[in-house]
Structure formats: structure tokens, C-alpha cells
Amino acid sequence: MVDYTTGELMVVAAAREIQDKEVVFVGMRLPMLAFAVAKKTHAPEAVGFYECGVVRDFPSNELLYTMGDTPNVEGAQWCTSTNHLMYLMQSGHVDCGFIGGAEVDKFGNINTSYIGNYEQPNVKLPGSGGAADIASLSKRLLVIMNHEKRRFKEKVDYITSPGAGEGGEWRKDQGLPRGGIGALISTLGVMRPGKNNELELVSIHPGVTLEEIKDNTGWDVKTAINFEETPPPKPEELEVIRSIDPNGFWTGQ
Amino acid sequence: MVDYTTGELMVVAAAREIQDKEVVFVGMRLPMLAFAVAKKTHAPEAVGFYECGVVRDFPSNELLYTMGDTPNVEGAQWCTSTNHLMYLMQSGHVDCGFIGGAEVDKFGNINTSYIGNYEQPNVKLPGSGGAADIASLSKRLLVIMNHEKRRFKEKVDYITSPGAGEGGEWRKDQGLPRGGIGALISTLGVMRPGKNNELELVSIHPGVTLEEIKDNTGWDVKTAINFEETPPPKPEELEVIRSIDPNGFWTGQ
Amino acid sequence: MEDKTQSLEQAINEHIQSGDSVVMGACLEPMIPFAAAHELVRQEKKDLELIAPISDILIDMLIGAGSVRKLTAAWAGNVSAGLGHNYRRSVEQEIPFRIEVEDHSNFSIGLALLAGAMGVPFLPSRSLLGTDILNSNKTMKTEEYEGEKLVYIPALRPDVTVLGVQRADKQGNAHLWGNIGVAQDAAMASKKVILLAEEIVDGEVIESDPNRVLFPGFKTTAVVHCPAFAHPSPVQGYYQRDHDFFHSYHKETKTREGFLSWLDKYVTGVKSHEQYLEKVGNDRIAALKIKNERFAAPVNYAAE
Amino acid sequence: MEDKTQSLEQAINEHIQSGDSVVMGACLEPMIPFAAAHELVRQEKKDLELIAPISDILIDMLIGAGSVRKLTAAWAGNVSAGLGHNYRRSVEQEIPFRIEVEDHSNFSIGLALLAGAMGVPFLPSRSLLGTDILNSNKTMKTEEYEGEKLVYIPALRPDVTVLGVQRADKQGNAHLWGNIGVAQDAAMASKKVILLAEEIVDGEVIESDPNRVLFPGFKTTAVVHCPAFAHPSPVQGYYQRDHDFFHSYHKETKTREGFLSWLDKYVTGVKSHEQYLEKVGNDRIAALKIKNERFAAPVNYAAE
């Protein structure tokens, strides 16, 4: 049995959400590593979009701190405007996109803008970046978050990035062209939309208890019928992560 | 007294419409030569736009048959999309633009689309190209045409490129942001908008009689108060034309 | 990644069907994919909707050949010689039959393709207000927005763009230089993109300059190695425009009979683009080749 | 043509006034014109509206310095280290005072600038439907168009864009490579453009590659030769990102006092960008320099 960190497990779980030949809107931090793992294991023909305007069909071998770091441009397939990548996503060409968040609610809505009332907030968060666009326009939204009760709420204070809104067919009613949560990968487990598009637990990370998850979730979380343990990283997956992030800058906890 | 062709006189008259530092949407044929004459005589800092997506601050020394000819690209300041140049024009950055036409009417509306009814036309003309956009969006429209009665009509069959419509403040009423005819340079003289934006004769080419113009104009054409003879080309202007078009392909008649 | 190279015959046969809407000539006067147009005639594809701002004599030739059902364009004729005789015969005399015409300006067709590329139903513009283009083309509408009049130009989403480029790799990544016209938006808006390339190069060549790429390789359906694909139009850095060919076309196609004989000589009477080039004359093609070098200044993409 | 070169001090003094709307950081994380931001603080320009998708710690620094009245952005913080302490202090505690925030996403700000560049009052999008961004930013409206819901994003027309580029000529023609972000649309949309260039080159260098130009030289107001203008952010082919600098900023600015001391050290306590670089350390700057070469493949623009 190999040793791994929670960060590494999350990267691997995220990587497995990427299918071969898919176009992936790659987010900062763990998603950049997830894209690398997917490309070098089961999804060799996946294509990565980076919101600064970079398209890559192979990941940089360097540890990136931002998408615009020089190694992410060298050897790219396309360097272009942010709008061009957004056009392709608006047209339905992006299969999945990664975002993080400060808060998520039971319908998968994400808040990265304001804690409290936006007119007089308790906490000013950095904002959307491209996350609201990825949540609006990609076919499947993949969310990566720390699993804490204050972050997993019945209802977020502010919808920066729409999940299923108030549940059911809310997205369609709003006029959103497609999309919704594909998976929410947390520090404790993985959730997917179930009945009425409410998020349910589909897997729990090795060593985590269901009670722990319930204690750290701000709503009465349901478990899916095919509920399982999150499969641990394979050696070849860890190898990719550690070749890029040898000091555990993003994945060490 | 130097010898010159009508084509050369028209080129020179057109060149004199270009002020220094202006941005000029350059049309095919005579306007390309007019831009060269202006640049090399009185308007050294004028900038030329070509609708295929080329921007030049000096004209090509080669005779061009189309704007996309290879000499028009080599040494350009910008090679870009057609839309980008149109955006700049829509934003008010184009001072003047040249177009030709098959028909013009007394309010300076130009037809390059259909003679007769557009549903069952007698003649199918090539269409707008960029002319309708230049007429809509440039600050001053410069028109170059053969002066014949069948071409200078009371009212054109089809407005491809708007002049003053039905006269007066028609452009404003239509919502056009600016513009209108700066000058109509014909094989016989030069016209500009006068009262109610109707075109009036402001100059007559050397050797042409007023009667000849009236006979070849399909409306009762008025003459401006400051009516004069079109000043003939200067040697340095002819030199530019003949260095580019030594065989008179565009200017020999 | 997938090898998308095909012969011209295969690519046209497989990816363009009768009835399709097809963009050819997205760069306006240069880089027009004449080789693909000729192949469409040889394969007897019919009922095409041609979409392009200008495309010089490509449009006129396809109309005369009876391949076109509808023309969505800003201008159709012969850029250096004048009117297009086949276009006139079709609309004025229904010879060989009357095509449908959707009138555009260069900007409105550029915006329609951009709207298609963006994935929105329309884009607003201030152009064309007061023109009869808004009467003969009923797809464009004048609307009020906060007290201002605008023309809403609906999106075009062509089935195929056939785009000529200087060089492409086998996966469909390409470099195109010179004036761009509507090439980028046409390719982004279209369901399929067929590239005709002067040269097929290693992926590393394209990756060495990712800012020169206009759209991602995954948008490309097929890559055809087709030197001199644009003759008689020019390709920057490769060959000049064959002006005389356009003038001869204008003279030789004045009558329907003249056109049919021109078509037989250059298109239906030859089997391939290679035979077309032989018919034009190898010496003539060689004389058009660019002999000089004027290279772009070096650009360093190194990361470290 | 006109020589538009000026010193950084002159260009900022002459072309940016207190109260102006200014785009800085149009390429997102790289090529952020930090040198211009520092000069704005030194010249005590106030009440600025900052416009940018992201711009990393540039925004946070200017908020802390009290230069900002309004922020129109998609994201503001410290890209590799997290939240921006000054931004939080301003909005949560009114320290030094509360700025106005106009919330955007990357796409909505990109479209707003494109609308400005196009000269239209708005552009439609399918993004952001159902989000609270449409509640906190009341400039964007949900509209119905032929039965579909769209968000109409109003144009932004900034007073000034400060754009970092690799090289420019004295007339304001420039080459920028790497990811473009919203640089082209921001420059096209703005009334003035100030270029900060790593190198000033002859016009011939720029003209050798006109496809690499993003906007015409006549849009440029001033050209500043300012090597290492982007430190601590990177410039492709010139220098890498100084990651540690961002992490140190994050640690040192946790308190207001910490920030003021940081500001004094790097900005107000130095007189020029050259002195800033000395303060950072010439060895440290030298260590970030790109030493390798990975040149773009040759491109021949020759016409004959």
C-alpha cells in the first residue's frame, strides 16, 4: 500500500473525471496536476484550456504557480485571447471544467465572492475569475474544495458559479445552455447530483467515516445507492504528481 | 502644361480629399493610387485601411490588382481580421473612406447591388463588399464614378451604401452614427453636399463644359456658389501615379 | 493525437455533402481554396450554400457549374476585371438556374460568422442602417436599444469551412499569415474545417509559435497537403497572384458556351489538382513562386 | 511618423489623471505593468477605476495605497498565495476606505471590453444566467431574444490601458507574445494606450511580422522603455515569475502596518522603477532572466 496525501488523492479523483479526448477547462492548483495525471495515464488525447488564453495538449512538466507562468506558454498549441476560449465554451466545446470555492451548497452552487450580504460583507473573497463562466457554459462542472461545515452550507450566501440553483430544472429555467455539477471532490469524499439535483455522497476517502462527513456538512447529506470508498491513487498516478510537485507545494498537507 | 488623363486627374482630386494624419479606408483601383499620391505629397502621416485586414502607413510601390496581393502584405504595419478594421471604423476612427459605384443619386446614395427591382433585377451587380460599411461608419465618404446619365440618377434603384437618403437629417433619423458624402469625384467634375444634403457641383474638370455635366446628370444639378475648375495635377503628383501605374492600367483612358 | 491527413478527393468526398453550407475564401482576395472548388465540381456536389465576403471568381465559377443553391456574400464578381458573368446569367436569366442571394456587407458577414463562433444568436452593429440590404436580406433586423438604433445580425453556423493555410501539422494545427479576413471566425463558427496546406510540417513547427495559430487543432476535420491550392489567387511567402488568369477568365466566360469550354478545360476535363496545375502550365506556376525571403523578426518563447 | 517615447514618469504624469478608468494587467497573470502601478502611487494619482480580469497583487497594492475608487474586475487577490489583505480590509473594514466593486467574470469583462472595442453599446452572452453577479452588478441585464435568455453586457470604454509588451517601436507599433488575455480588446476599447516595452526596436522589426501586432500604432499614446516592467510577474522570453515575491507580499501585508512598511520599502521609498529593481536586488532580477532560446519557426512574408 502506497502512502499518499489527501491532496494527492483529490488530484487523482479529479483526474479520473477527465475522459480521453475531452476538452478540459483547467483551473489553478490541484486541477493543473489532475490534468497532468489524466493526460499521462488514461486520457492521452485530452486538451487543456487555461483562462489566460492558453491551449495545451500536453501539460507543462514544471510546477506552475499561475496559468500564465512561462512554462505554460512554451510548447502550447495555441496562445490566444481569453475570449476565444470562452467562445468555444459558450458554443459547447468544453466537456468539463474545474473550479474551487469558498462555499458550496447542497445544489452545488459555489460562492467565491462574498461571505454575508454582498452590500456589507463579512468577508470579501477574490471573486469569480473564470469560474462563473465555467459553471455556466461547460458540460460538466468539477469542483474541488476543503470539506468543512462552514463551507458546505444548506444555501450559499451568493451564487458566483451556478450549480443546480434551487434544484430540479432550475438551470434550464434560468436559460443556461447546458451543464451542472459533474462531481464535487472534497478533502473527505466525492459527491454527485442525485434526486432533484441535490448533491449526494458517492464515495468516501479511505480512513474517513460517514459520521465525519455528516459532521462537516451543513445539510443533511444523503448517500448514493452505489456508495463506495474512493479508490486510492495508483503508483503511476502518484509518480506524475510527484514529478511535477516534488516538494508537495500544492498536494502536501 | 503637363499632359494627364482623366483617370489621373480623378486620382489627384481624390488624393486632395485626404488630410494629413487621417485614417483612410482605401478602396480598390483609383483610391489605392490616390492614397499613394496623398502619402507622398501632402499627407505623409495618413494611415491606410484595406478591408481584407491590412493596415499600411506607406503604400506599396507595386501596382496592385487586389488589396490582398502579396506586395500589400509585405511591410504592412498590421495584418489582422476584416472585423478588427470594421470595429475601429464603427468606433469612429476612420476619417474617410473610398468607394465606387454603378449608380449614385442626388443625395449621394450609392447602388452596387441591383439595377431594377431586387426581386427580379435587370442587372445583378457584385454587391457591397465593404462599401455599405464605409458609407455607414466613416466620417466622410469619398465616391469615385464615371459620370453618365444612366449612373447619375434622381433616385437609385437600391441603396447599397447610404449617402443622405432622402436628404436633410435622414442619416440621423436612421440611426447612423456619423458620416455622409465628403466628395463625389466623377469623370467630369466634383460634387459635394449642399442645401438639404443634395449634391452640388463644386468643380468642373478642365475642358469639360457645364452643359456636358448637366446632359450627363439625371437630376437638375445645382452649382455651388464657390464653383471652380478642378485644379490640374501637379508634376510631383503625376510622378507618384506613373511610378506605380506606368502602363496606365488603372488611370489610362 | 489523431492523423487527419487525407487526399483532396477523400476530404471533399467525405466531409462536404450536397446541400451543405460552405465557407471558401475567408481571407477575401488571397488564399482562396480554388483546388477545393474544382474538386466539388468534379464530384458533382450540388445545392451548396456558399458563404464568404468576396472570394473573387470562385463564386462565379461554382454558380456557372451549377453547384450553388444559395449565395451568402458581400460581393461576387471578378476583383480585378469586374462583374461575374455566371452570377449575372444566373440572377438575370436563370442560366443554368437562378440562385438565391442573401445580401451582406463585409462587416455584416464578419459579424454573422463571429456570432456563430461565439455561440450567440446575434451580434449588434451600427452599420447598414438605412440601406436596402436590410430589405433584400430579411434575416437582419433593426432594433432599438436604450434609445439607439442597432442592426441585429443573426449568427451563421456553416457546415464546413475550407481554409487555405501556409502550413499545418497532421493533427490540424496550422499557421496562416498575411491578411486574415474572416478566417478565424469562419473556422470557429463551422461544424467542420478542412485545411488545404502548402506544406505539412511537424507539430513542433506549429508549437514553436502558438500565437500564430488561429483556432485549436480539435476544430480541424481534415488536413490536405495541396501545394498551389490557391492558384490563381496568391499565398503570402509562397506564390503571387496570377492576374492574367483572372482577366482571361473574364474574357472567356462572357458567354455560357465560353464558360462551359473554360470549365471543361480547367476543371471537369482534368482529374485532379495536379492535372489542373499541368494544364495551367508548370512554367507559369513556377514563375509565380516567391523567390525572395523576408522573414519575421525572431521571437523567443523560452520559459527559463 | 511621430516619436511617442516618454519616460515612465512623464507618461504616467501626462496621460493618467486622478479619476480615470485604467486597465492594467490585461494578460491576466503575466506581463502585469507593475512599474506603472508603482509610479501611479508615487505620483499620488487618486480615485482610479481599475479595470482588469485578474491582475494578481497589482490591484491589492493599489487599493492599499488608497489610489482606487472603484474596482471592475473578475478576481482580485494573490494568485499563488490566496486572498488580498488590502482588498479585504477595504471592503470589510473601510481601511483606508471602502472601494466600490463592480463584479465581473473573466468572460463578462472580456465581452465588455470587446463591446467597447467594437463600438457597440453591449454584447450578448449565455454566461452568468442565474448568478448573483447579475444582482451585485446591476449594469448587466437578462433579456429575451427570440425565446432565449441572454445576458446583455454593456461596453466598457476605459480612459487608459497600460499594456506591457516585449517590444515596440517609437511610433507605438508593438509585438506581444504569450497568452493574450483581454489585451487586444482593452487596447482597442481605450481612449489612450500607454505601452511599457522591454525593448524599443526599429519600426522594421515590427513591420517584419504584421500578424503579431495587436492594434494599430495610431491607438498608442505613449511608448515607455521600461525593462523588467512586469516584475514580479513574468514576460515570455524575457524573465520568469518571481514566485517568492508574491508569497512574501502575502505574509508582509497581513496587517495594515505591514503593508505600509512594504509600500514604503518598494514603492514610496524609492524614486523610480530603476531604484525599485535595485531594492529587489539586481542579482535576484538577473536570476529570473530567461537564458534559453526557443525561437518561433521562420515565416516568410516576401511578396515576390
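Letters A, B, C and D mark the chains in the order given here, with residues in each chain numbered from 1 onward.
Throughout what follows, a contact is a pair of C-beta atoms (placed from the backbone, for glycine too) under 8 Å apart; a residue touches a chain by one contact, two chains touch by 3 or more.
Treat the numbers as computed from the prediction; the structure is a model and nothing was measured.
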Using the touch definition from the top, list the chains contacting both subunit B and subunit D. C
Would you mind pulling out the distance in Å between where the CA atoms of subunit A average out and where those of subunit D do? 27
In whole angstrom, how far does the Cα centroid of subunit A sit from the Cα centroid of subunit B? 57
Subunit C to subunit D: how many Å between their CA centres? 37
Residue ranges of subunit B touching at least 2 other chains are 54, 69-70, 73-74, 79-80, 90, 177
Subunit C: which residues touch two or more other chains? 119-120, 125-126, 148, 150, 177-178, 180, 206, 211, 236, 240, 290, 294, 301-304
What's the complete list of touching chain pairs for this entry? A-C, A-D, B-C, B-D, C-D
Quick check on the complex: what are the subunit C residues that touch subunit B? 27-31, 53-54, 56, 73-77, 79-80, 83-84, 87-88, 90-92, 101, 103-108, 110-111, 114, 125-133, 135-136, 142, 148-150, 177-185, 233-234, 236, 240-241, 243, 246, 290, 294
In the complex, the residues of subunit A that touch subunit C are 23, 45, 47, 54-55, 57, 62, 69-71, 73-80, 84, 87-88, 90-93, 177
Okay, in this complex, where on subunit D does subunit C touch? 119-126, 145-146, 148, 150, 166, 175, 177-178, 180, 201, 205-206, 208-209, 211-212, 236-237, 240, 290-304
Quick one: which bits of subunit A touch subunit D in the complex? Just the residue numbers, please. 28, 50-54, 65-70, 73-74, 79-83, 86, 90, 113-114, 118, 121-133, 136-137, 158-162, 165, 170-171, 174-177
Which residues of subunit D touch subunit B in their complex? 1-2, 117-120, 173, 188, 206-207, 210-211, 213, 215-218, 301-304
